[in-house]
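Structure provided below as structure tokens; questions to follow.
As written, the chains take the letters A, B, C and D, and residue 1 is the first residue of each chain.
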Amino acid sequence: MTEMTETAPGWLSREDLELTRARMPIIYVDAVPVRADASGVVTHVGLLLRIGSDGTVSRALVSGRVLYKERVRDALMRHLEKDLGPVALPHVPASPQPFTIAEYFPEPDVTPYHDPRQHAISLAYVVPVTGDCRPRQDALDLVWFTPEEAASPMVQQEMIGGQGVLLKQALAYVGCLP
Amino acid sequence: MTEMTETAPGWLSREDLELTRARMPIIYVDAVPVRADASGVVTHVGLLLRIGSDGTVSRALVSGRVLYKERVRDALMRHLEKDLGPVALPHVPASPQPFTIAEYFPEPDVTPYHDPRQHAISLAYVVPVTGDCRPRQDALDLVWFTPEEAASPMVQQEMIGGQGVLLKQALAYVGCLP
Amino acid sequence: MTEMTETAPGWLSREDLELTRARMPIIYVDAVPVRADASGVVTHVGLLLRIGSDGTVSRALVSGRVLYKERVRDALMRHLEKDLGPVALPHVPASPQPFTIAEYFPEPDVTPYHDPRQHAISLAYVVPVTGDCRPRQDALDLVWFTPEEAASPMVQQEMIGGQGVLLKQALAYVGCLP
Amino acid sequence: MTEMTETAPGWLSREDLELTRARMPIIYVDAVPVRADASGVVTHVGLLLRIGSDGTVSRALVSGRVLYKERVRDALMRHLEKDLGPVALPHVPASPQPFTIAEYFPEPDVTPYHDPRQHAISLAYVVPVTGDCRPRQDALDLVWFTPEEAASPMVQQEMIGGQGVLLKQALAYVGCLP
């Protein structure tokens, strides 16, 4: 889960955010971008590629915080645009009901999800994307995988913090878990 | 729930269908066509207008049977195209999970749903529609209502068989029940 | 949404909470306690009775914050025990998926939900309760209503902050919206 | 999916059922019996053991048809009692919304689910069970597995017709997919 630099008025300063993170659960959204065929069957899942400062490769969902006075669906749109570019044409679901919640704990093994920086509670959505995806932040690429590939050990082991499990839950939800 | 004339090979004859209806629950789909804004908020709900042989007006959801060896999402696409025309561009959800099921009983008051012809179990979906809707069957029109209008007594009393309740459940599901 | 006095170590002080509330969405749970018959049909909904300092009566769902490093289902259990007593025997659902989320904004009319104190994002669950309910906090009582009564204007107008809408969404979800 | 002998008045004769199966989708329910801890976390999943006429062992979910004029939740209760005995105390969910639908096709590979006898559309539910389970039909036993065991290749390969996939979908839904 990447953190954008937040400097707009009304947003938390980085110091304030750090202080708050030590004391409150922070609310996040996770989006699983998918390609679907004409009848709605998911054919591909999009994962972001990240290169760590130590050169390690990881793959990630679209993810980020919900801001003060921001609606959840606006947070989804903002993070999707940030990570997929302005012409990705995401179709945020009509229902605000997430397909699951992911509780990222600062300690491992409390839940399947882990974020050493904070206790984050994330609302997870599957978002069909029909436009052209152009990841535009630092060293990010977007790769489309079939459901079989996405659930394979090779891709799963490149995901961190439990997002591999969350991805499999998304595949189960859309009826495409191999 | 309208029944299309089914004459394609492999389909039930009308006599066979009548016989089966007296002895088995029949599986249906109900679709609630909606217009949504850029962030996915439902702004309008589409209802079909029907004029009965006695001149009574009723409003209805897109609805119909699932055929033998037909996938549920193909049944949804078929009935949406039948009722909304070929360029309606329905976005059938990625997940096969219906937002609810409606159990239409041949006797009233067993459930909120009633169909004197049969015991039908219907899988209900909200389907965003982005194209141009041209209803093309006998005396059908399609009218778009705001969520407030759709839940109003005036529209509700024009719906029959419990579809008014099902419509309100759809509005609740998308967070737009007034 | 009631706020319990939080003095345990590791919890936010009231001052810190006030400061945070002005800058971050706060995560809540809302629980709709229900009685169900042997086959799972909801027969009654439980609402808390509150008498305001000015003598006004209001009815409320079980509601409260999720704490730092607290699992959502533990927060649900804690608030249910706080409001319904220790022998209510709540059956928290096996799935962490809420039936909806309620976004309480500090300004009215952004969403159907409103909380002048804060921006709260609440995960909403229906929780069957099979034990004996003994509300134990300040002037609270618990009254059981049929779904028809719960959706009636009389009960709805006694609910504040949009919880009446949330209650109707719960009724829709369990197939009991009149 | 086992078929009970149905001789009560109003039910289909076996010949009629065979005829109908060749022409209509048949509606089923699938139930995944689970044990949960006090806060609702699934700790075990119950699978039926079956010995085929050729001595092969398979494991199965609780499954069966919905009858004419039978409510879905009554069908769930009937099949749970048939397979788990009269004191299993199943808690059928308050919401009629299935966690997914499984479309069993007579041909393999159309969907993940396959039933050579028929086209069955099954509504799938997770059902917490708090009583004593005593399977009582022909050579059935019930074995409780942890989520890890249930998702393991050893158990998965003993399940047929795609029920292993459906079981993994249930685990994903309750947040316990390893």
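Note that in this section a contact is a pair of C-beta atoms (placed from the backbone, for glycine too) under 8 Å apart; a residue touches a chain by one contact, two chains touch by 3 or more.
Computed from a predicted model, the values in this text were never measured in an experiment.
Fitting the CA atoms of chain B to chain C, what rotation angle results, rounded to the nearest 5 degrees?
An angle of 180 degrees brings one copy onto the other.
Same or different: do the copies chain B and chain D touch each other through matching residue numbers, with over half of them shared?
Over half shared, hence same.
Measuring from the mean C-alpha position of chain A to the mean C-alpha position of chain D, what distance in angstrom results?
About 33 Å, centre to centre.
Averaging only over C-alpha atoms, locate the centres of chain A and chain C and give their separation in whole Å.
Whole-Å distance between the two chain centres: 28.
Give the residues of chain B touching no fewer than two other chains, as numbers and ranges.
Residues 71, 95-97, 99-100, 111, 173, 175 of chain B touch two or more partner chains.
Of all residues in chain D, which touch chain C in the complex?
Of all residues in chain D, those touching chain C are 34, 36, 38-42, 71, 73-74, 76-77, 91-97, 99, 126, 128, 173-175.
Would you tell me which residues of chain C are touching chain A in their complex?
12, 16, 20, 22-27, 66-72, 95-101, 103, 105-107, 110-111, 119, 121, 123
Inside the complex, what are the residues of chain D that reach chain A?
Residues 100, 111-112, 165, 168-169, 171-173, 175, 177-178 of chain D touch chain A in their complex.
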